[in-house]
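Two complexes come next, and they have one chain in common, subunit A, joined by subunit B in the first and subunit C in the second.
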Partner chain A sequence: MAGALINVPKEIKRGETFEIKTLVRHPMETGYRRGPSGEAIARDIINRFACTYDGEEIFRAELFPAVAANPFIAFSTVATQSGELAFTWTDDAGHSQTETVKITVA
Partner chain B sequence: MTDRFRQRAAASLAGLALTLAAAAAASAETAADGRRSGFDFMSRETQGMQRDDSANPGMLWVRDGEALWSRKAGPAERACADCHGDAKTSMRGVAARYPAFSEEAGRPINLEQRINECRSERQGARLLPHESQEMLGLSAYIAHQSRGLPIAPPEDERLTPFRDKGRAFYEARQGQLNLSCALCHDDNAGRRLAGAPIPQGHPTGYPLYRLEWQGLGSLQRRLRNCIVGMRAEAFAYGAPEYVDLELYLATRAAGMTVETPAVRP
Partner chain C sequence: MNPACRRRPSRRDLLAAAAALPAAGCLSAVAIRPARAAVPETMEAAIREFAGEAAIRDGRVKLEIPALVENGNSVTLSVAVESPMSAADHVKTIAVFNEKNPQPNVALFHLGPRSGRARVEIRIRLATSQKLVAVARMSDGSLWQDSADVIVTLAACLED
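Moving on to the complex of A and B:
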């Protein structure tokens, strides 16, 4: 797992609802496919995504098979103060990736 | 004529002018000669995905390429950036001119082959395999620098025989289904094949993210896809036949806008 695109507005007003868009690279292997010699390819999908705002969890999602590779997740929250958004994706193989973005609330 | 009538007439004239202006704007999107990018055949949602750089998965590879651009490789310990500097200026418009004639090869080469030429001649590094994540990253990053520019195949006399070969390949029937590229992409473009719209086959956004592939792929991957679909024998990656065809396609799409990294269904 490597690489994520995160998009938050540059300027956010206090009390305003803003959208956070995330896209992470992951093959999202379904577990239903077979390799060239017929062996089953183990399932490896991102099963959990969470976002914290200054340490407080504001969004969490459980993911299941049938989500395409490189999942795109968008959600909204209310701007309360300038701070840090941290995003964590965790997959079946136990790998997790965390990205952080600083936001400025005027 | 009463004043009221005059007002109404003026209002309806203004309305007509607006309608005409809207119609003109809509037709400006398609070139005057009727050429249309595959982008125009997509759903609004997929178009939105391509337009928004934070929703376009192709940007992941562009970012990879940006990192590779300044990573030193080979015994020469040289990065692309050491010779070419900032790709944002030095590579602007470069991908729009490929395939181009190579003195070393004595024939046209595409962007991927040019990258490998640099790697072997200047960096002494191992060649990047076709469709490897590194090759896709670098070529996407370089082609991305030409986004928004018109496709501009070089006016080079030496290319003419190869372009003609590409055109002959494009028009020749092949495979068990006895189809040619032209049969779908010229004669039946805009119609549907098994529910999917047939685009005109302009290579405007390669390497591109195809939803069906769930990943980025080169133009040659797409060409192989079509050739296998015609139940013909596909050439190996890097075969001169593909490059000739790429050259013809670039000429056919000359002046159309580069979209790399595009998103396609």
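Moving on to the complex of A and C:
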């Protein structure tokens, strides 16, 4: 897992609802495909995604193999104060990647 | 992504496939398929597992997905729910199900009053033309749903 893209608006007003777009690089191997010599390719997907706002969870998703490779997820939250958004992706092997973004609320 | 799954069948492949057609190989491939693909009953079962015994009403939820999809490997889907998203009245969970992928579950989203707006967007895979269902659970426990039919011309590569 590497290469995460996170998009939040540059200027956010207090009390305003804004959209957060996230994308992380991952093959999201379904476990239903077979390799060139017919062997089954083991499942390897990101099964959990969570976002916290100053440490408090604001959004969580459970993902299944039907989610496309390089999972893109967009959701919303209310701007309460300037602070930090933390995004965590967790895969089948239990590895996780966390990215943080500072937001400024006017 | 497996490059082979993007490969267009060559003339040689087509001829070989045509030659193999009367043989049992093709028939057995067809026979194996239902065992691997989720049948509509399993989608119903998955929805029941999520919803329990409670009744699911139509409305309040809007599931948006293109009606015609060229490439099933990445399809943008959005679910929006009519809700004030206040502490007293908000969407708790949105679940998305499909009819004919190998598994009936697509994704489960947990929201709350801090979401502000009950709308999520995600890119998914579609193995074939099928129906998708989104179910939302509100903070009062009520359940609402919407469904959409999609036609897929190039399926997500599940077989090779």
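Observations, loosely collected:
To be clear about the criterion, the second predicted complex is superposed on the first by the 106 of 106 C-alpha atoms of A that agree within 3 Å, B and C clash if a C-alpha of one lies under 4 Å from a C-alpha of the other, contacts with A are read in each partner's own complex, and residues count from 1 in each chain.
Following the convention adopted for this analysis, a residue touches a chain if its C-beta (ideal position, glycine included) is under 8 Å from a C-beta of that chain, and two chains touch if they have at least 3 such contacts.
These numbers come from a predicted model, not from an experiment.
For subunit A, the partner that touches more of its residues is C, with subunit B and subunit C as the two candidates. After overlaying the two complexes on the shared chain, residue contacts for A:E62 are found with subunit C alone; subunit B is out of touch.
In the superposed pair of complexes, A:Y53 makes contact with subunit C only, with no contact to subunit B.
In the overlay built on the shared chain, the residue A:F72 is in contact with subunit B and with subunit C.
In the superposed pair of complexes, A:R25 makes contact with subunit B only, with no contact to subunit C. When the shared chain is aligned, subunit C comes close enough to touch A:T17, but subunit B does not. Judged by the touch definition given at the top, the superposed model places A:R34 against subunit C, while subunit B stays out of reach. In the superposition on chain A, contact of A:L5 is made with subunit B only, not with subunit C.
Residues 21, 27, 68-70, 72 of subunit A lie in contact with subunit B in one complex and with subunit C in the other.
Interface residues of subunit A, counted against subunit C in their complex, comprise 17-18, 21, 27, 30, 32-34, 36, 53, 56, 58-78, 80. Subunit A makes touch with subunit B in their complex at residues 3, 5-7, 21, 23, 25, 27-28, 68-70, 72.
Remark: subunit B residues 52-55, 57, 59-60, 63-64, 211, 214-215 touch subunit A in the complex. Those residues of subunit C lying in contact with subunit A across their complex are 1-2, 4-5, 36, 73-76, 98, 101-103, 105-112, 114-117, 119-126, 156-160.
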